[in-house]
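Two complexes follow with chain A in common, the first pairing it with chain B and the second with chain C.
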Partner chain A sequence: MTKLVTIAVGALLGLGLTGAVVGLVLSLLVILVLGIIVLASGEGVPMIYNIRSLTQRGWTTGVTAAGLALVVCIFAVVLMTTNGVRTTLKATGSSENAKILRKGTQNEIQSGMLPEQLRLLGAAPETAIGKDGHGLASAELVVLIYAVKQNAKSEEDGTNLTVRGVGPLGLELHPPHALDGSMFKAGSSEIMVGKGLVGRYPGARLGEKMHFARRDWNVVGVMDHGGSAYDAEIWGDVDQFEDAFQRRPAFSSVTLKLKDAAALQTLRTRMESDPQLNTLEVKREVDYWSAQSEQLSLFVQYLGLFVAAIFSFGAILGAMITMYAQVAARTREIGTLRALGFQQRAVLVSFVIESVLLALGSAAIGLIGATAAQLLRFSTVNWQTFSEVSFHLHLTPGIVFASIVFAMVMGYAGGLLPALRASRLSIVAATKGG
Partner chain B sequence: MSAIIEVRDVKKTYHRGNQPIPVLDGIQLSIEQGAFEALMGPSGSGKTTLLNLIAGIDRPTSGQVIVGGEDITHFSEGDLATWRARHVGFIFQFYNLLPVLTAFQNVELPLLLTKLGKAERQKRVETALRVVGLEDRMHHYPRELSGGQEQRVAIARAIVTDPTILVADEPTGDLDRKSAEEILKLLSLLNTKFNKTIVMVTHDPAAAQAAKIIRRLDKGRLAEETRPSA
Partner chain C sequence: MNFPILVIKSAFRNRVRTVLTSIGVAVTIIAFLFLRTFIAAWYAGAESAGADRMVVRNKTAIIFPLPLAYASKVKNVPGVSALSYMVWFGGYYKDPKQFFAKFAMEDHALELYPEVLVPPAQMEAFKQDKQGAVIGVRLAEKYGWKIGDRVTLTGDIYPGEWSFNVRALYTATSKTFDQQTMYFHWTYLNDALVEEKRDQVGILIFKVGAATDSAQVARSVDQLFANSSAETRTESEKAFQNEFLSMSSQLLGAISVISMVVLVILVLILANTLSMATRERTTEYAVMRALGFQPAHVVRLVLGEGFVISLVGVALGVGLAAPVLRFFADLFQRELGPFLGAFEIDPKLVALAVAIALACGMFSAALPAWRAGKLKIVDSLRRVE
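What follows is the complex of A and B.
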């Protein structure tokens, strides 16, 4: 019974929402045509009338504008966040590198490979040759450790961090933009940490010690990978980690430098026909990382846009109430305009424009808020690797444009019905009275 | 002289629920070009209703309204608006200026519906404001003007397009004696010097004296016209 009611309510809501959206889109076409007629024929109510009317009734306009601005700000920040996550993870890796994992695994944590496979891949003709005459291929072991945050109140306040063991060629294959300190020495308990971890986890600082895998590890370098996912990782000698995490002889993945652009496809074909390698899968390193980001950025996007949508209903309602109030308070002015010969469509278009102007002004405020959000640095957990990704918010021209369009849609949706009422007022009733 | 306004057997009936309320009951009226007529009568007698029909902001239940040779009775809403912009100047009891626009901008409003360029519009607005004696208040907002001054701006707005007729509903109803006299003098001037046809509704016998012809409306019917005792 309750289930039926829920379904019925859901269906009605869905139907109503679809109807509203369809109505809005269709009406927009009509209004656009009317707007073009009004503007082209020069019979429009001057826009200065709308602007002054908005600024005159400062208080109600201000409250409505604040609501709209907030929603625009949320909208922009959601897009910025999604963008941030996406670009961070996309910026990870090089397009000249190939990453090899076990077939059917989503990420390095799940993957497992053996030394013989590394040897075959390193000797493959598609692999670029290094200065020492050996193939540029590196085995990497990726393990997650649980780390309690700096200044945490309890043991539960922590996250999983990615620990990556790399071979001697590791830095050559993933050169950091900058390295503060030095590279870890092979065969030692030295590690490097990504700059995203510095100060956020105990010991994650140049010259200090981190404790995991029942050992102390000396931090000898801080890597800056330009905001990529590697900036939230801990790197050390793959041999040391294999022992410490008791994984020998297995490791997670192989990264190799491709000889040229076409090499990926030939390598893929070769691996398929090799019984030792056909259990593996090869991807471009950048493709691997952008696939990692997809689920997270989609989640952020859907959640954020859902919140923005809920809020936008409130903002549209606010705009509608304000515009109805404007129409009511300016009934005599509207009647006068109509008596002077302004057409119904001119009044309709004028009030729609006014509402859209209100939204545009609010959008400007909201975008200033979004600009301020650029100063913040965010981090979130990447659920696919259970590790922390930190990223910047960037207000791109595309996001500014999307936010402005979003604001205009809200202004339009809020202003349409009040504008319709304004255009249909009886002149006789509207012009009389004091 | 030819009739510029012709009202033929006009009836107007309002409905309150199922109850018909006859307001105008077969009005015959002919007003000549260049006339200045006052419409008087007790409250509720239908003066405003009749004026609104002549001005094309309301429609009769039956009968015809012909202004300047055009039968406006069956005009569409849009055609009526276009027609009003060309042919009717409105003067309201409460001035009805747009408070957010300056005197200049208020007077310019009806000109925005013409094809005139900016320079020409400015010239006409200034002329109209000069006629009503407010060229020095051009950039003032309505709230910075007295009631009498506001009404003069409204008159400037009404004449700026050089309309076929001027309609005024209680133009002095909200003014003190002195301002009222100034407004009436201005209307007389527009009538005599600029040959404007004016139809004015008023309660005030003193105001009606400014007109050349006084008509009385009672219970939806027009009585004989009289001339003011000059």
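What follows is the complex of A and C.
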């Protein structure tokens, strides 16, 4: 029974949406053709009249514009959030690196490998050679620690932070954009923190101490990885972490620099045929990180677009109500226009344009709101890794463009039917007044 | 003609506008219900937490295990009554993207959860079969599993293929207890592990007796293992669940803000309609006043109109909410897995939505009503539309 209802709702929604979209597209074509005819025949559109009408009725225009602006703002913020999650995790990792994990694991935290496997990978012919003549392969230990936030009211207000133990090659393989302070010294209790953690967790500041795994760790450096996921991590010496977290001899993953672009495929084939390496799986490092963002960004996208769709529906209704009222209130004016010689099509086009202009104005206001949202820093847990991901919202030109188009569609959809009514008023009745 | 009829007649005077506005109200109410139900579903886990259950886990983070030996030590702490343990298995069934929770548990762990119901005969069958599994009815529905079916999981934290026989199905008396979880024998997992991975558990769960100071018990448990290689953190199940939620708190906060913005949009739509409706009718109100209606009548007429329109809208919205939400919940589940356990609309929430919508209707009508009440008969009659 519930299944039937679900199917019915889905079908109705689907039909309704398809119908609406087809109707809008077809009508847009007709309006465009009419617009061209109007312009070409030199009849003209009473544009100034429409613009003045908008400013004349401040209150209704304002309310409708506010509604539209809110919707545009939310639409833009949703896109910015999805974009934020994606670019943060995509900016992590290099396409020249390969990441090796145990087969079947989705992330480094679940994965586990042995030192012998690192040695084999470091010696593989596909691995690039460093200055000292050794292969550029680095074993990393990745664990989570539970950290309570700065100024937290209770122990519950915390999150899982990623702690990454790296070897001497670690920084060569993932070079930070900038490093404030210094690199940790091998064999010591020194750590570096990502700039995203500074000030948000107790002790995460240059010169201070963080406490985890029953030890104090001196923060000697703050890393800036240009907004990537590493900016929310804590890095230290892999050997120290092996002991502190009692993981010896296993570690989580290997990152290695590939000799050339084709090396990934040959490395994969080699690993498959090697009995010591065929329990592992190799991926390009960037691919690994974008896969990590998939669920979270999909989630934000689905939820956000659902909300935006509902809101835009409300906003279209609002625009439609306003435009209908405008047409009703301006019946006599429309009659006058017609008596002056403006054709039906000119009235139709002009009212559609008025509605779209209203939406464009709202888009500008909504985008101002979205610009302000750029000041926000957003952090949430990535369920795929159970670790924190944190990012800034950025208003890209693509999002601005999408929002403007979105607003125009709303204005058009809201204005079409009222414009049609305006154009079909009979001159005699209209000039008599309404 | 009595007053209510007059209100209804004026509300439906401009039919197109009233219908459009009602649809607008309905859509925003559905959005509000959806977002609120979404947040509620998220917090459902914490809501279902038993007040007398406590959880012990590794202090560093949940991914680190505790030695099995801790179980017997904690059992002896005064105040601890029943104790059991589980470990998170991870892994997946066929498709890594289709997520459901899987736990390897000590055989009696579910007895700590009186809200979980398993037919005794099935429970017995589960205990007899080393590879037995207890699964939630909703999980069984999803994959079409029946008692006796063989299910093979692919492990990630515990590599390899793991086969189980479905021996029991559980239901839950509490709607918020996740019914899409799979439980199996911890001993089956443990026996298959290499020496150094053996005898470890993820969390210990225990009950404290009535009238016991649970915070004190938690402190004594943690003291027991202070400065050991695996320090513990003991807290109530609710606090334990809340911790997971707080990690997504900003996301939930954003959703909550959006659900409020929905109401702003609701007010905007209604206010727009009502202010237009009253402006058009200024002359009529003046005529009514001239006929002897009091300003209070006019005010009530406008407020009543707001009430009627929002009532129609909210009735439409509430009526459509259940199937529409079901549709989106299914879509979410299909695409993203069972993030949300019970996605059902709470009747209390519906009542709240109705109240809010009607209040919004009256609130949006307030300004136009005030204006209509204040108008001067002479000026309004003279005014020409």
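Going forward, the second predicted complex is superposed on the first by the 413 of 434 C-alpha atoms of A that agree within 3 Å, B and C clash if a C-alpha of one lies under 4 Å from a C-alpha of the other, contacts with A are read in each partner's own complex, and residues count from 1 in each chain.
Going forward, contacts are C-beta pairs under 8 Å (C-beta built on N, C-alpha and C of every residue); 3 or more make two chains touch, one makes a residue touch a chain.
Fair warning: this is a prediction, and the values are worked out from it, not measured in the lab.
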Contacts of A:311 with chain B and chain C, given as first, second, both or neither: second
Chain B versus chain C as contact partner of A:302, first or second or both or neither: second
Most chain A residues touched (candidates chain B, chain C): C
Touched partner set for A:370, first chain B, second chain C, both or neither: neither
Touched partner set for A:67, first chain B, second chain C, both or neither: second
Which of chain B and chain C A:48 touches, first, second, both or neither: first
Which of chain B and chain C A:323 touches, first, second, both or neither: neither
Chain B versus chain C as contact partner of A:56, first or second or both or neither: first
Which superposed partner A:431 touches (first chain B, second chain C, both, neither): first
Footprint overlap on chain A, comparing chain B with chain C: 433
In the complex with chain C, residue positions of chain A that touch it: 2, 5-6, 8-10, 13, 59-60, 63-64, 66-67, 70-71, 74, 81, 102-106, 109-111, 143-146, 154-160, 212-214, 245-246, 279, 295, 298-300, 302-303, 306-307, 310-311, 313-315, 317-318, 320-322, 324-325, 328-329, 378-381, 383, 386, 388, 433
Chain A residues touching chain B - in the complex, by the definition given at the top: 42-44, 46, 48-49, 52-53, 56, 332-333, 335-344, 427-428, 431-434
Contact set on chain B toward chain A in their complex: 48, 52, 55, 57-58, 77-78, 81-86, 88, 90, 92-94, 96, 98-101, 105, 109-110, 112-113, 115, 157, 174
Sites on chain C touched by chain A in the complex: 16-17, 20-21, 23-24, 27-28, 30-31, 34-35, 38, 59-64, 90, 96-97, 154-157, 159, 227, 229, 231, 233, 235, 239, 242-244, 246-251, 254-255, 258, 261-262, 264-266, 268-269, 271-273, 275-276, 280, 323-324, 326-328, 330-332, 335-336, 339, 385
